[in-house]
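Following this line, the structures themselves.
Below are two complexes that have chain A in common, paired first with chain B and then with chain C.
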Partner chain A sequence: MPTRLRRPVAVIAACTVLGALLPVVTGTGYPVTLGFQFLVWVVLAVSWNVFSGSAGYPSFGHGVFFGIGIYTTSTLLTRTDLPLPVVVLLSGLVPAALAAAVGAAMFASPRFRGDLFGLVTLALAFIVATVVSNVDVLDGGRGVFVREAAAGTFLANDPVRLYLLALAMAVGTVLVALAIARSRWGTALTAIRDDEGVAESLGVSTYRYKVGTFAVSGGLAGLVGSPQAVYLGYIEVGAVFALSIPLFVVIMAILGGTTTWYGPVLGAALIVGARELLLDLGDPDLAQIVIGLLLVAVIVALPAGIGGLAGRRRVLRDAAQLRPRAVTR
Partner chain B sequence: MDAGTIALVQTLVNGALLGCLFGCIALGLTIKWGLLGVADFSHISLTVIAAYLTYTVAADVGLSPFAALLLTVPAFFLVGVLLQLGLVRIRAAVFTTLLITFGLFIAAESLVSLVWSSDLLNLRPTLPDALRQPLRLPEPLDRVAFQPVDLLSLVAALVMVGGSAYLLRKTRHGRALHAMHQDAAVAEVFGVRLVPLAVVVSGLAAASAAVSGTLVALKLSLTPTLSASWLGIVVVSCLLGGLGRPVGALLAAVLLMMVQNAWSLYLSPTWAPAIAYGVLFAYLGAAPLFRAVSTRMAATRPAAPRLAAPAATRS
Partner chain C sequence: MTAALSPDDRPTTHAGSSAAGAPEPTAPLLACRGVSKRYGGLLALDQVDLEVHPGEIVGLVGPNGSGKTTLLNLIGGSVPVSGGTITFEGRDVTREPAHRRAHSGISRTFQVPRPLPSLTVVDNVAVAAMFGRHRSSRAQALDEAAGILDRLGLTAQAASATSSLTLHERKFLEIARALALRPRLLLLDEVLGGLNPTEAAAGVEMIAALRDSGVSILYIEHNVKAVTTLADRMYVLNRGRNLASGAPADVIADPDVITAYLGSARARD
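Let's turn to the complex of A and B:
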């Protein structure tokens, strides 16, 4: 393994071991449930950052891919006898295919950048939600009981197994994000964020990178929809495609910092912690007001996020030692 | 005329008049988005808050609903001014403004639900008879009815949208705004005072939300989720009409609501909410196609002789 990857991989391995030990220490109670939710948010925030943060195309539609993953799992579990691993895999592949198709259409035109890209991804959420609530096979507006359908599977009524599956997905997502960030692929995405025209003229095939990364990002979000569907037990369109999900994802990534692979993990930890505290206030409306204002405050006060602070300090330190930083790798 | 035609005309009239209301709401957004570079989601929230304030003034205090305008118009002007000053201060890019106002949008929805509860509130039973008596279209269409409130929406749309279009096209300040949008630095050199201009425009946009809010309170039942359900129609109207063009946004809103109502008449109404987004996708998908065709057409036109001449002399 190259030296530059040794430290991050060691950190991730240590976190994985600690995470896997959590159910052993605490049993199956509240910490495991909270840990599960945290890991789902980690997957969502990190996978959002893989494309939207790295390439500078902020999407408001990340909840769509998550939601499609949830509904793929619920539909396949209730309507077919496919084995669970296939269901989980398809829950990632279906949203990845949608992301690839939407990306292929959208990135063909240079119009879809910045605010317009954000709005079109948001519109996608409304369209998909309308389709799901109108098609009887998927939902039909009545909601789906996943718990009964999942009764015979590996994940039935076992929070620890759900937690471990989410842990595996979170670790996998973080490793994917790290691998992309430290490779040619990540450099290409950074070039696209900094100046797409220049990147294109230097031979980066921006279109392919954008479509491919968007698909990976959507697929990872869909994958974690699978354990989420079983965890929820009963799903309905309003909650699955709620606007607050992409909003949380964007806040987490921006709070943690979009320029590092670990920033969104920090953001997810802070927001999940803050939300637990806020829910103790007893009023979900009050919690949502605080979250909305928090987004504003974070953008105003910390445009580069917490990870951005660390990154800036490292650049300053490297500059002080006159050590050239490996910029490309 | 048979009953089917009457129903169609009625639903189209209803759609067009509701579209006028959405045109009023879209007015502030399209100007701020197109000319100030502020994609202001919270404009929609302001409209909802104005509607609830109107409800409180009319139902709880017992004054005329129009008395609320005395409070909301100046107050909202101030809100618009402060918001723009804040955005200028942090030098927000368009996308940053989108994120910030999205945060405000989410917070405002919960604020409304906290203050006024999430129950449906309806002002109509308390209105005077003059505002509740349905009106009818003239003779050949006399079986088609509409509400006096809809007439108010139509008048408000014509006055506010028409007035804005006139101000933008014909006055010094309107042209200054366009100049600022094209190139702020050059506009400043030519004497446009950027910050005061932007701040006043933002204030006026917010004040227009106050007026729209009063109309909303008169026409619709109020719930905190209204803002989320309007998001599609208002944003799509702005984009279809062309950002920064109030008349375009009004026409697009009228057209969209007519299409949506006609759809609900003949086909499943549960699909209606997706229509605005479907139209947006179709438009955005078709726009590059149109452009490709028009550039191809321009390229195949015979070249001007003046350009062909040097090549001839060289040979």
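Let's turn to the complex of A and C:
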């Protein structure tokens, strides 16, 4: 393993072990449920960042891919006898295919950069939600009972197994994000975010990287829709495709910092933790207001997010190492 | 406004005569044939012909707004043509995306330097080495980039943020990045503009050295005199059309060229 990957991988491994020990310590109680929710947000925020943060294409449609993952699982569990691993895999592949198709169409035109890209991803949420609520096989507007359909599977009524599956997915997503960030793929995305025209002129196939990364990003979000469907037990279009989901994803990633692979993890922890604390105080409206204020404060004080603090230090340290002959002041 | 109606609007004679001139001994590296670019109602380039042969430094001059940078954008592929064809090494590249042209050996600089701001100087150059004509690993690319920065005298800035560079250093970073693609044809867009005489002289030397290392160069300059010292041949564009072409000494003595430049000078005043 390259030296530059050793430390982050060690940190991720340590977090994985700690995460896996949580149910042993706390049993099947509330901490595991909260932990499950946190891990789902981690997958969503980190996978959003893999494309939208890294390439500078803010998407407001990340909930669509998550939702399609949820509905792929519910549909396959209720209507087919496919084994659970296949169901989970397809819950990632179906939204990945949709993201690839949408990306291939949109990125063919230079017009869909910046705001217009965000708008189209937002519109995608409405289109998909309308389709799902009108197609009987998927939902048809009545909602779907997933719990009964999942009863015979590995995940049946077992919060610890759900939690461990979400943990595995979160770790996998973070490893994917790390691998991309530290490879030529990540360099290509940084170049695209900085100046797409320059990236092209330097030989970066911007179209291929954008389509490919958007598909990976959507696929990871869909994958975690699978345990989410079982966790919810009963799903309906309004809740699954709620706009608050992509909104929270964007907030988490920006809060944590979009220029590092771990920033969104910090953002997810902060938001989930803050919400939990504030809800304990008993007022959900207050929680929303405080989270909003928190976001404004962070954007003003730390434009690069919380992760940006560490990122800045690292660049300076690398610079010092690279410049042995420079005069130090 | 009156200058916009100056007499050089008539069809050019020199472009035609040079195209029909002595046959070139080598096949052109780059050939633009009847290249046009239309932006809505504005015809930015109108049937422009231009050739660069292997080993040549070709100057491309013209008053402000004559379409020099537009032509360079079309050759580099960052902007699609509205008409005409562009061939590189005998291959039609008119419809190819910019990155593929970069892979085949066309590289460019930007008139207003456009460093990638979140990367250090050396990483800016390494990106070109990583994704250019010869894909290389990160480590190789960094080595190559360090070598190029050394040649251009930017080693001390290698690990700096690009925001700390002076204009002169930014222009040289543009060149460093373009070189990291290992180009066959280098498109330079006013790389010496805005530099002081010492810096510009170093730049002229460097461009000559590049040509000697086997890179052909298409060199855009606003200032005709600066080109004449370097270029083997030059083209003059005016209002998106070929106005003149040939040996620098002949071109700058051309009455049409003199009129175009005086006309544009009057328009600015």
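Operating definition for what follows: the second predicted complex is superposed on the first by the 295 of 329 C-alpha atoms of A that agree within 3 Å, B and C clash if a C-alpha of one lies under 4 Å from a C-alpha of the other, contacts with A are read in each partner's own complex, and residues count from 1 in each chain.
We take it that a contact is a pair of C-beta atoms (placed from the backbone, for glycine too) under 8 Å apart; a residue touches a chain by one contact, two chains touch by 3 or more.
It should be emphasised that the depicted structure is a prediction, and the values quoted were computed from it without experimental measurement.
Colleague: Looking only at chain A, is it chain B or chain C that touches more of its residues?
Modeller: Answer, by number of touched residues of chain A: B.
Colleague: Contact-wise, after the overlay, does A:S109 reach chain B, chain C, both or neither (first, second, both, neither)?
Modeller: Only chain B; A:S109 stays clear of chain C.
Colleague: Does chain B (first) or chain C (second) touch A:L279, or do both, or does neither?
Modeller: Once the two structures are laid over each other on A, A:L279 reaches no partner at all.
Colleague: Applying the touch criterion given at the start, work out whether A:L295 contacts chain B, chain C, both or neither, answering first, second, both or neither.
Modeller: First partner only.
Colleague: Which of the two partners, first being chain B and second being chain C, lies in contact with A:L21: first, second, both, or neither?
Modeller: A:L21: touches no partner chain.
Colleague: Just checking: does A:D194 make contact with chain B only, chain C only, both, or neither of them? Give me first, second, both or neither.
Modeller: second
Colleague: One more residue to check, A:Y207. First (chain B), second (chain C), both or neither?
Modeller: Only chain C is touched by A:Y207; chain B is not.
Colleague: Which partner does A:S133 reach: the first (chain B), the second (chain C), both, or neither?
Modeller: first
Colleague: List the residues on chain C that touch chain A in their complex, please.
Modeller: Where chain C meets chain A, its residues are 76-78, 97-100, 102-103, 107-108, 110, 114, 116-120, 122-123, 127-128, 130-133, 137-138, 156, 158-161, 177, 180-181.
Colleague: Taking the touch rule as given, give the residues of chain B at its contact with chain A in the complex, in rising order.
Modeller: Chain B residues touching chain A: 33, 39, 86, 90, 93-96, 98-100, 102-111, 113-114, 228, 231-232, 235-236, 239, 268, 270-271, 273-274, 277-278, 280-281, 284-285, 287-288.
Colleague: Which part of chain A faces chain C closely enough to touch in the complex?
Modeller: It comes out as residues 183-184, 187-188, 190-191, 193-195, 197-207, 259, 315, 318-323, 325-326.
Colleague: Tell me, which parts of chain A touch chain B in their complex?
Modeller: Interface residues on the chain A side: 58, 60, 105, 108-109, 111-112, 114-116, 118-120, 122-123, 126-127, 130-131, 133-134, 141, 243-244, 247, 250-251, 254, 283-286, 288-289, 291-296, 299-300, 303.
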